[in-house]
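This is the structure, below, for whatever I ask next.
A, B and C are the chain letters, set down in written order, and residue numbers restart from 1 in every chain.
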């Protein structure tokens, strides 16, 4: 029984999601191999090799993998897979969601998406209906292909020392080409991996007013998110959105400011370990799930909160 | 906060099981109204109501329409865009003739759709509603040239319409209308005078507004037989359909009202600069007669406003009662953790009352809509006449009773909220403020009641009234014959109510001629008595259908059980009022009139 | 150019689903069903491409129970030209749907397939990618902007942390993200016209596709309920609790 993990990285460094995938794979048991497909990705491969539990890192290096497409990553993974692996585990990030089903279909096996808990090597728990229910599913396929929620599994520590083996990359499929990237510039941690998330809602009243969250976020080294209402109102870009149709987060601390707590928003943050809610409406549903609710004017409370942190 | 969701399950149930949509879909011209198409229409209308109209209801109430220098009117933010979308999506033309760009669907299909608009945003829907009235007037009696000039644009919603009846001295009494209309010898007239309470008489939605105006020609006889109907466009229309000169009609002010703030209620001045050009509709001196042709539908629509507001107030109250934590409900198991007010028996009583009234008024209105369709196009003359007689009897009830009930339900909605309901922020108060006009415009409840006792009851010596009462009795008998004790109980109450209704009819028919003042003093009680009874009739029918479907294992069991429970509540808690009203009708008139006017 | 738009009938977005007491699944009996919102965006995008003159025909396809006809009628009312239902009562998993769609693609030979990135019931986010794999077509998932020119599609994709532009050769698969467009409402005249448009029904057997589920659902449970409801009086108390009770800030 061996699990293949497809690493997510930017060639220079491994993304933390991969460590969570290794953490998840450890729950399955058996050996763990990590595929690092990229261009000049030796540094990322070296990082992967340190993850506890990893038995081997497979480095596929080719110029056309510098900005890898789903088609090319899948092709290289598929060149390794048949017969050799019992499981494929990929973090359910934008990258993993894009690539993994392509692999599953080529193997003619089902995929289990967004796994939050592994019950046994063939049985997984995953949320359905935006987290309003959890299904335990069993795969009857010879190879189990799963994507995992990073918030469901601890990251493997960097205490290992696995060998890195270079393998040939599959030829360029030529089906698609990445021609540009516009990354939202931010000094802040990424929303889905931040330890602390501060989200603003329609209560902020404008995009300009989101600035008062920034001072607090700076103090707490927090990521900033938003409710769909705030995104719809145009206060902040779409990729700030936490919720059913946006990002699912489960930080150690989630601070909801001026967010009433529509069910669609709750679906995206209710697994946070500690929830703080600040809202002027004492009846706002967000208070029902908050560990610490504070009723009042956010425009007074947030600056006071920032000041209190010293 | 509560978001409006169209009660599609109940609407479909009433359409299909009580109002006979499948029969209406067999009528000539209505073949397109198959249940699946109707279901798709309701689905899409419900999205529009929820996503576009409902979110504008509270802000529209707060902002209101504003009068600007120069007689312009600014509607609240978002209303113009919503109106444009409403028209672009074809809703304006739902029942209108395909010849002028409408879809020609039956009134029965339009009814649930209109109910949704009323629920989501009554003030918004008044503009399309008034346009509809103006379209009908032109379509029914206008010359072909008038139709060709105005109808395509009005059906598309590119131009809106208004109804100009009221003047400062002529409210319910239209005989007092004074607006002058002087023939110019070229087929046109010059109108001058002041009209008040003109809904959407001026606004910023469209390039033109078509006013339908009641006025008198110089040699017209006094009273109601001397009133003519004119089309007066805000901008004259050139032969090629383009807009010409500005007509001599101005909005001089807006009324400050208790409710429907988003709807501009205008004072219109005609002829301040020599006379507004108008075009006669039909013949001179027959204006009021034409108005009465449209009156049935206009009154029906206002009745439906009562249903729509009741539904909205109910939904808001339920949402609040589910969330509001307050006190510990009496008599619950200790293990029940919830403290939401919906667990309190008195809150339950109020919610059940709201629900039962809403479902009953809905059923009565939809059944009446089906009769309106049959009265119009049923190929069988006898069936047409029967449907017309039934619809004529029901219209004052739908108008008068549903709006009175709508107010009561909106008021209960505030009561469920407690002090929070008295605060505008929760939105409950708006429903009561908006509902308050519905018992007044298009004929007050008193006027509806006078119509019901006079033209609808006494004129045929109670024939139609007795026929309907005997139909109610048949349903009561069917219920009583069931083995289920719940259905039996409904049957018993319904039979008792029918007996009280019959007693009231037997008193009213002779009293109308012999003691007209007592009869009229009891008129509103008589209207409410009929409303409660026909509501009980339809709830009883609903309970029978629901029980049959449950026995056959069809339908949504949860919905059907709730329907039976609601019918039972209606029968036991609301229907017994019929007995008190019957007493009041028969015995209350004398004391109502006992004091001399100067004793008040 | 022909566009195929696969759509799924799902429990309406606004319905709060309930888990069946026996844990066998979610109760979908007598629950309001609607078109998957991401698929509505797909239909809208296809209609816009046709309005721009870049597409000539839009074919909507759905796989599932007879009730999907209603959802297809919605797509027709929104602007699809005709519809295909692959009817089956078997519970369809994404791989099976991808295989059915592959068969439909072989018949219809569209130049572009646009579908939602995920369905809001099973939240799998697989079908588009799987279909691309089975067809050996390129994929542009999570699209927030689609441009067609010269036999290529240039697609802006939502990726973690921003946007990525990918250029794919047609025929290709595009899956939609929320920002791609705002779907229109069906107009009343179009609802009436939809009834007269062609809707043909086929079956998995007729398409020679084995749709047997590969995953077995052992149980479905409701998520653990949070306690919640705790209150603090002021900012000082909040910070103290976060420091000393939750031990979450320094």
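Keep this in mind: contacts are C-beta pairs under 8 Å (C-beta built on N, C-alpha and C of every residue); 3 or more make two chains touch, one makes a residue touch a chain.
Every value quoted in this text rests on a predicted model; they were computed, and no experiment measured them.
Among the remaining chains, the Cα-based centre furthest from that of chain A is the centre of B.
With centres taken as mean CA coordinates, the chain nearest to the overall protein centre is C.
Pairwise, the chains sharing the most contacting C-beta pairs are A-C. Once the centre of each chain is set as its mean CA position, chain A and chain B turn out to be 54 Å apart. Between chain A and chain C, the centres computed from C-alpha atoms are 21 Å apart.
Rounded to whole angstrom units, the spacing between the C-alpha centres of chain B and chain C is 40. Partner chain B is touched in their complex by these residues of chain A: 260, 283, 285. The part of chain C that touches chain A in the complex is made up of residues 11, 16-17, 19, 25-26, 37, 93-95, 98, 120-134, 136-142, 144, 154, 158-169, 172, 178-179, 214-223, 226-236, 238-239, 241-242, 246, 248-249. Listing the residues of chain B that touch chain C in their complex gives 5, 8, 32, 34, 36-37, 39-41, 43-44, 47-48, 51-52, 85, 88-91, 93-94, 103, 555-559.
Taken in their complex, chain A has these residues touching chain C: 69-71, 74, 93-95, 97-106, 108-114, 123, 127-141, 173, 175-184, 186, 190, 192, 196, 220, 238-239, 244-246, 252-253, 263, 270, 273-276, 287-295, 301, 304-305, 308-309. Note for the complex: chain B touches chain A at residues 1, 323-324.
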